[in-house]
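Can you read through this structure? Questions will come right after.
A, B, C and D label the chains in the order they appear, each numbered from 1.
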Amino acid sequence: MILGLAVIVVLPFVVGISWVLLVTELAILVLYAMAYNLTMGVTGMLSFGHGGLFGAGAYILVIAMIKGDIAMPYALLAAPILTALITFVIGWLCVRLTGIYFAILTLAFGQLIWATIWKMRTITGGDDGLTGLQIPSVMASPTNQYFCILAIVMLAVLSIKIIVDSPFGFTLKTIRENQTRAQCIGINVKRYQLLAFTASGLFTGLAGALFAILMRGAFVEFATVARAFEPLFAGILGGMHVFWGPAFGAGMLLSLDTFIGAYTEYWPLVAGGTLILLVLFLPEGIIGRIASIRKARAQRLNQSSA
Amino acid sequence: MGLDAILFQVLTGVGKGMNLFLLASGLSLIYGVLNVVNFAHATFYLIAAYICYTITGLFPNGYWLALILAPIGAALLGGICERLFSRLYDKEHYTQIMLAWGLILVFGDLMKLTWGSEGKMVPTPDVLAGGVPLLGGNFPITYIFVIGVAAAIGIALYVVLYRTKVGIDVRAAAADAEMTSALGVPVDKLYIIVFMVACWLAGVGGVIATLLSPIYLGGDLEIILAAFIIVIIGGMGSILGSLVGSLIYGVVFALGILVLPRFALVFLYILMVLVLIFRPYGLLGRPR
Amino acid sequence: MDLDILKVKSLSKAFGKLQAVDRVSFTVQPGVVKSVIGPNGAGKTTLFNLITGYLRADTGEITFKGMNITNLPPHELNRKGLARSFQIVNIFPRFTVFENVQAAVISRMGKSSSIVTSAKNVGREEAFQILDRVGLSEQAGYIAGTLSHGDQRIMEIAIALGGRPELLLLDEPTAGMAPEETYATVALIKRLVSEFGLSILVVEHDMDVVFSISETIVVLHQGGMLAQGKPEEVRQNEMVQRVYLGEEITREKGQ
Amino acid sequence: MKWCKESTLEKRLRGRKDNNGSKDDMGLEATLEVWEINTFYALSHVLFKVSLRVQKGELVCLLGRNGAGKTTTLRSIIGLTPPRSGNIRFNGRELVGKRPYQIVRMGMGYVPGDRRIFPDLTVRENLEVGRRLRGTAAEWTLERVYELFPSLKKLDKQLGNHLSGGEQQMLAIARSLIGSPELLLLDEPSEGLAPLLVKVLEDQVLKLREEGISILLAEQNVKSALRVSDRGYIIDKGRIFFQGTAKDLRENEEARRHLIV
């Protein structure tokens, strides 16, 4: 852990700017994947609406700063909170449904956000997006930006970790494992699903806002369905039932994009192929597989000693 | 705006809607019978459209040949994909959706490799060029053709499902696959057939869509969302629901463009949200 | 003063034309086992689902510790001290055995929304106590889904105990069990009553089990009550025997 | 009458090994032979070395209480819940490993306890699902089926979910019959039927046997089953405890013990 921290601190001084930017982006994607996983991996609700929420976070920050002249710290606070509010309203309507219907309703809301951003040109700039975000000078250099964003992401991931490990997080996992059973040990399932969805929206909004800072603006692409699939993909790659699974998946996803993308423009082919193979042959994800092998071995040892 | 102009627009919407019906009915059929959410369904539509482009480029008057061959190509490809999906029939829906997403990415890239990333236009066959004077405007023959083909296929689909042994078996399997197999019906073979027929329908949809708009990469994602809106509004698993949903989609979109040009799509999303909240199984669907 | 822990009064439920439960009334006294028996389709499971809030009653009233609990949702019933097990194994299969019980304990402690502490040690002692009580403490670290069928069913009872219930509803607790497991379960049920003073309502097919654990028995037939009484009385009841052999009988209406 | 005391639980524990299925040495031509099958649902062991035989043209009943293993036995035979070990032979051909539709096509019919009528299909369409051309003389046509169940003919265009319980039961039998089976597996056909309808059903079952169809009838309704059967088995807790002629079953005390409260 200390070694990891040391690497993080030293990194910007030994590698080039493009690498610093890449790692910053990675940090944001990790946060996004883990935020999403609160819904999908932890509580077991399939959402396709997170693209819209990610976009919402980004646009709220940019609109607040450009149109509202609000200082960045406040805008950075407002973005996740307002996104969480939006998520709460959407979630309140969505948690009545289950399974694929829940997923499709979130998809509809995600698309509604996307369409609103796309069509409300006067506020959002439509196709052109909103550019020209002025970043305070402390954060302007890639290295400073790197440290600021990484600090925020680490804080957020730590909060997610605390949530997942808490009795609240445990309750969410019970709901994922068996809703009927959760209900009859006294858990109000819908209420907890709504809370989990809202918390997930909060962190997704934060990730979107950070991404807007990195990109110096907000664009319609931030809110597409493809964007909604990204964290799900990351979760499947890494394994969504283990805490660091989605983070690992996000890393793999970005490396696929960056490195294979550098050799060939056909990286979606590779990514899609990987996804197909994973879903068919390794549905637990890579980290998830390792974890379950370990668990099984531990139980075997336990049984043989007992 | 005159009443004629509005009616004219409604007719255009019906044309678009009927084209989408071919796609939506297949999506609905796959869900109803196999309980699979085939997010990649529109990809078969796009592939057929590209095959049609190639065939029309090779042969003069190749459009009619394409109308026969391209959907068959989509169906064969669908048959292969069904074998992949079959491994996930008893798994959670999200795994099927991720498999579909993988297929979308892979096929998307393969299409880019084969046909490049510029948009493509398929020349309209001479017979279908021009229009007929109607309601004070000139209604394109292509739209009439699309409505005609889709209606004919819709009727054929109905006849097969309700009048033939295979169709009745399909409906039985949709309700209770295990009991159907215990009556001597090889349900897994039935599944392959249904998947292939659905992809064939999507293929026909793709080929006739080339008459209405250009072909471009990523078009499948737009179309699949439209198809989802349709089956949600109409009811997943109901063929009649897809028809009603398609017509609602086409007409609301066409009229929406007249009223608030930029928000036509938003209307449809709102409609879908309302349906999901108040009648999650759709206007003509039933809860399962 | 109400001495009965559970009081079911004239409860009815119909599905379309089928009268699944027809004016059923009975009571459960504290600290006893009461069984509900009857041939297939007699309405036992429907009755259970009505009491535990999974179905809404058409008419009738259910009172638990003097409170009217008719049509309350399952999670509220659980909080009031009424827990159930399921006919088909219904557990958290990917959790460990310990976590399965811990989940119930955390919920009962009202700590489900807490985010300040780690879940690891919350309710730990109590969960282990319960596992000890049902004889599963050695398997505490196992993944629940890998246990034998009998152990899974016993673990279900352990989950129910996590809610510190006063009344336990067991839906066919010995279904699908090997004889050794059945024997252990019967012993466990007896112990829960004698040592911990629980009241238990059981639906069970295995008549040996029913007669060895029950204080009183209710016999259902085609949704209605056919007989009620001590095991001996039910055994001697001519009507009950005839029903089980498939003879036609007409149930007296509105008894 | 002797009743189970608690000690019978222990007795059952001891008695387990004595009961190794039952072999039939009548030497007659067997349509169906089930030999020591063990069936599981996931981890739970449901059938323990169950063996039984159905002779050509015979009507055999399988009696037992709720949850005794009757349904699982039938599901094992038809291939819906294949046994993990043991053999099932139908006209000399091994069934274990075959898919349900293959087994049905070999000439077996299955009528499930909950009828499982396709709700959105009409009566005629429900029959259509079961129809297969076998090209044998014994083939059942729609007309012949309607002859046996005249009331279904009037309901021809009714949807499955609009039928009464008795009508559904008739349709469920008719639906299997139209596949021209040599052996019919009937799972608790009398369940939920009014007494008068049970009698009607018995007549129909007897008529089927007169047509030369062998029948394995799982029943909880002992009186009704013994009125029509030639022979029977008693199953309890997933094991066959007793077998004999209908007369034996009616009179034997030990047999009754497994059937009554």
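We take it that a contact is a pair of C-beta atoms (placed from the backbone, for glycine too) under 8 Å apart; a residue touches a chain by one contact, two chains touch by 3 or more.
Treat the numbers as computed from the prediction; the structure is a model and nothing was measured.
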Partner chains shared by subunit A and subunit C (touch criterion as defined above): none
Fewest touching-chain hops separating subunit B from subunit C: 2
Approximate Å spacing (C-alpha centroids) for the pair subunit A, subunit D: 55
For subunit A paired with subunit B, centre-to-centre distance based on mean C-alpha positions, whole Å: 32
Centre-of-Cα separation between subunit D and subunit B, whole angstrom: 45
Where subunit B touches two or more other chains, by residue: none
Chains touching one another, given as label pairs in label order: A-B, A-C, B-D, C-D
In the complex, subunit A residues that touch subunit B: 40, 46, 93, 96-97, 99-101, 103-105, 107-109, 111-112, 115-116, 119, 121, 225-226, 229, 232-233, 236, 266, 268-269, 271-276, 279-280, 283
Subunit D - residues contacting subunit B, complex: 78, 80, 99-101, 104-105, 110, 112, 116, 118-121, 125-126, 128-132, 175-176, 179
Subunit C residues touching subunit A - in the complex, by the definition given at the top: 52, 73-79, 83-84, 86, 90-95, 99, 102-104, 106-108, 111-120, 122, 138, 141-143, 146, 159, 162-163
Contacting residues of subunit D [partner subunit C, same complex]: 3-6, 8-10, 12-13, 16, 41-46, 65-68, 164-165, 188, 190-192, 195, 198, 219-225, 237, 259-261
List of subunit A residues in touch with subunit C within their complex: 162-163, 165-171, 173-174, 177-178, 180-189, 192, 195, 241, 295, 298-299, 302-303, 306
